[in-house]
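The structures considered in this document are given below.
In the two complexes below, chain A is the common chain; its partner is chain B in one and chain C in the other.
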Partner chain A sequence: MNAYFIKDTDFTQFLGKMIEAHKVVGPKAKKTRFVFDQIKKPEDLRLDYDVTILPPKKLFFPPRQELVRFHGQKASSCIHPEGTILFGVHFYDIKAIDMTDQLFRETNPDWNYLANRECSTIIGSNIQNVYKRAFFSSVGKGVEPKGHDGFITKISGGYVYDAITAKGKNLLKFGAFTDATEAQLTEASKANKEVLDKCPEKLNNESLEISEKVRNQFKSPMWKEFSEKCFSCGSCNLVCPTCYCFDVQDNWNVDQQTGVRERTWDGCLLEDFSTCSLTGGHKENFRETRASRYRHRIMRKTSYLTAKLGGPACVGCGRCAGACTADIADPVPVINRLMEV
Partner chain B sequence: MACENCNCSNMYNENIFMPKEAVIVRAEMATATEKHFTLKWADDSPNYFEPGQFVEASLFGYGEIPIGFASSPTRTKTFDLIIRVVGRVSGALHKLDKGDTMLLRGPLGKGFPMDKLRGQNILVVAGGIGLCPTRSLIQYIMDRREEFKQFNLFYGARSADEQLFLDDLANWRKSDDVNYHETVDRTSENWRGNVGVITTLFQKTPISQDTRVIICGPPIMYKFVLIELDKLGIPHENVYVDLERRMKCGIGKCGHCQINDKYVCTDGPVFQYSQIEKLEEAF
Partner chain C sequence: MSDKVKIAYFDFASCEGCQIEMTNFGDAAFLELLNHVEVVEFREAMSEKTTQRINISFIEGSFTRESDRKRLEDIRNRSDIVIAYGACAATGGINALKNHQSDYKQDVYGKDADMPHLESTFALPVSAAIKVDYSLNGCPMDRNEFIRVVSHLVHGKQPVIPNYPVCVECKMNETVCRYELGDHCLGMVARAGCGAPCPADGIPCEACRGFVDNPNEESLITTLMEKGGLSRERAEARSRMFAANCRADAPHKIETPNK
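And then the complex of A and B:
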């Protein structure tokens, strides 16, 4: 039996002890919204969050990450991960992390990402409040969240803790956990099930159907219509938990002798993302129109990666919908309309 | 905090972005914009690439650019890279000379399918700088000529001044091992050869229907060459295209080179035409 219970009154002490022993990152309030940040006091942890501004991918794949340090033309590697406990991740973000794990591992394993990932412990938590743009219950229903080490669910009087891996069990020592009762388990599973009915948005079709039909709509005139108001700002890419495109640039330090080769987040909605420089100042942009870039993002989420990932590369967090200035990034109305054709 | 929970520490040195040093043994301007570098690995390791593969070439502080091998691995001591000056990275690399070190990451990508080309009639259609990556295959065929049947090579440049590998061209014109045809888009005073786009060369020589065709050139060229191949009835499974896209990582992660669901850097840069002709973003 791997399921435990901890009382509300003991939970603060558990968090305190864990924070004392480890670097813990979890959801924290930032003005009216939430962010994943280091938790330094138990009361900072806000397991009642709806969604964070940025997904937790930033821990493993930071917005700016050094790849190689150089001194003149001599190089040194800079893979030095810091063991972190990522505490309080909703199931849709767990699914997304599992996808980026697979994508960074396949073909050419990228240890700049994987080392950060392997050194972390991921503890999921149930969704207590649902984001106003979320649609996680109707996307990739067949894809089980996996790759996390434990999962905590709020029930009356305390929390049920499912310690999945050895890393997850390691945390038991910090708190007064008891074996969960049958009734407590039932209550937890009910909480996790019921939240699925609370999504404000819903895809009308199954992911596999969507994958095929959307792919066949490549030449649809609707892409132009959908993207008419796009500012090509890339916000939808940056807040997406499954977007992982990046740019690589060299930067000198002020001494002009040392520097870093580093990667920064990039996005396929940005105008120059696919532009090749040619001689004489000429350029060739392989996705020149807003419609082609907009379509690429939707296709990446619905269709292109389905065979590889076994489901869509979208988890229904709703962050893109909330981040888009023109409010055109939400995949739900777009996919639902394409499916009606 | 030390990492107590996993056994990842032995993996930290496997940094896929770490380049390797290569020493420049010869460097000369090939045209006004292209510099021809002949290199060898600084640690004297042998050549271990396939024709059609590429490297990310760099200098620290400037960045990386993808460059195809321009020589065949059958030439074991050194290898060639041709760098066209375009921007910051290529500009910095152009300043390098004999004895200097260049940083390379690779070999990367999927090259020409030699097992499918061996024993066949071959046609290489190279436009402009497209002759550089295909030269890795051309040299390979010339070095192992007995392994291939008829070998046709079409090369088109914008003008005689922009022709690359002048020594090679002189040899190919005379050689019995290759049926070489060339053209330029714009003629000049001392040009005596063909004038016109590369597709005009299809009238110069018969190409049999069972030929395996390799195409590499500027994006616009593919469409027109493919029309000619259709006229000849060459099946699309027997046509290979070597594609260029913006690339950053070269290892199938960063997303820049995607054509629909394919990554040019890892699924290509050489693709069997039949496998990508349905991809809307390929041509």
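And then the complex of A and C:
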């Protein structure tokens, strides 16, 4: 039996003990939005969040990450992982972390990501409020969220906690958990099922059909129309939980001896992303138009990675739709229209 | 003879604030840098001048008087690398606000308006007169970027000047978008590199570093009106403060020096 129950009245104490013993990162309010940040007081944790500005992948793959420190010709690693409990992750973000796990592990394992990832404990939580652009119930339906250590669901009077792994069971010691009853489990499962009906947006087709058909629309004139208002600002890439591209640069400190090799997030919507240096100081951009960059992102999400990931590289969080100032990034109307052609 | 990299500062139409920003760096950083570069001319901080060869010239201020062309050409001829230093030199900056107006002279200078040294034309980037190798954008320029660019040049590397918009940095900082808070912003077309401190502090980006190479100006105006609630007139004028010369309607097309 891995399912437990904790009363609302005991939950604050559980959080208090957990954050006393571990670094805990969870959803916190920031103005009108939410962000994953360190939880220092139990009341800061906002499990009623709809979505965070950035996905929790930033914990393993931060926007700016030092890779190597150098001193002349000598280099030292910047991998110093800190065991962290990532608490309150929605299921779509759990799916996304599972994808970035796979992408950073394949071929040449990326230890700058994996070291942070492997010492983390991930505890999911049910979605209490649905983001106004979410479509998580109609994308990649066959892809199960996995890789997390526990999952907590709000029910009447408290929370049902599913302790999945040893790391997940480790948290039981911090709170007054009892075995969950059948009725409590039923209520939790109902909550997690019912939220799927609450997405404001919906893809009209199955992911596999979408994957094939969208790929075949490569030459469609619609890409130009979709991207007319695009700023090439990369916001859709930067808030995406499955985007994983980065740029690497070396920077010297003012002493001109020491410095850092640093990676920063990059995105295929940005004009310079696809710009290459050629000999003689020349440059070439292999995706020069807004339309070609826009198409590339949709292709990556719907089609290019599906064979590798076993499903679309999109989890329906809706962050891209909300982050786009021109409001053209939402994949739902785009995909639905392409499917109608 | 020192084998340090020789650098010099020159100023044209500007407030000289970008040079002051350099001295604001603080003792530790500035003195440390002097171990690697030799400053051979810097009117704000020393009285010596040079007529010798210069490795890197930093030019502050916009080119707004034809009579300044010769001095600019002379600096170019003596310099291995010329860097437009700060917004006025890189894009014309705030000075370019006068470019679409004709009635400013009397308002600004009053009875002195007709003095000969005040005779000026469009405020243009330095690149309108001479070849510029790199730009240090911003009003004022960012000292961390300055160190980065100088370090790259000292090590014989080509510095990368950002050509992505401020939205990128707001996202990385997880700043709540101005538009989500009912405000407006120019971040979608504004050249980044500043770290986006303004939106983080609750004010819209003014694009003080100019535009990215290919801004979507039409979409900017639509977004300012539809999401930012600005009138058409205001939306169309909004980006003039710092980016007048970067706009499609600028009287003089900017050659972007960013490699």
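Just so we're on the same page, the second predicted complex is superposed on the first by the 338 of 341 C-alpha atoms of A that agree within 3 Å, B and C clash if a C-alpha of one lies under 4 Å from a C-alpha of the other, contacts with A are read in each partner's own complex, and residues count from 1 in each chain.
The rule is simple: a residue touches a chain if its C-beta (ideal position, glycine included) is under 8 Å from a C-beta of that chain, and two chains touch if they have at least 3 such contacts.
The model shown is predicted, which means the values in this text are computed figures rather than measured ones.
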First (chain B), second (chain C), both or neither: which does A:Leu270 touch?
-> second
TODO: State whether A:Met339 touches chain B only (first), chain C only (second), both chains, or neither.
DONE: neither
* To do: Determine, under the contact definition given at the top, whether A:Thr325 touches first (chain B), second (chain C), both, or neither.
  => second
Exercise for review: Using the touch definition from the top, say if A:Leu185 reaches chain B (first), chain C (second), both or neither.
Suggested key: neither
Chain A contact check, chain B vs chain C, more residues touched by chain B
- Query: Who does A:Leu196 touch here: chain B (first), chain C (second), both, or neither?
  - Reply: neither
| task | Applying the touch criterion given at the start, work out whether A:Leu172 contacts chain B, chain C, both or neither, answering first, second, both or neither. | result | neither
Is A:Trp252 in contact with chain B, with chain C, with both, or with neither (first, second, both, neither)?
both
- prompt: Does chain B (first) or chain C (second) touch A:Ala29, or do both, or does neither?
  reply: neither
Chain B and chain C footprints on chain A meet at residues 249-250, 252, 259
Chain C partner, complex, touching residues on chain A are 30-33, 35, 53-54, 63-64, 228-235, 238-239, 249-256, 259, 264-265, 267, 270-272, 281, 290, 322-323, 325-327
In the complex, the residues of chain A that touch chain B are 22-23, 67-68, 70, 72-73, 75, 77-83, 103-104, 106-112, 114-115, 118-119, 121, 166-167, 170, 218-219, 244-250, 252, 259, 261, 263, 266, 268, 273-279, 284, 286-287, 292, 296, 299, 303-305
Listed in rising order, chain C residues that touch chain A in their complex are 29, 32-33, 35-36, 147-148, 151-152, 154-155, 157, 160, 163-165, 167-168, 171-174, 176-177, 179-181, 185, 187-189, 212-216, 218-220, 222-223, 227, 259
Seen from chain B, its contact residues with chain A in the complex are 1-6, 8, 11-19, 21, 33, 58-64, 84-87, 101, 103, 219, 244-246, 248-249, 251-261, 266, 280-281
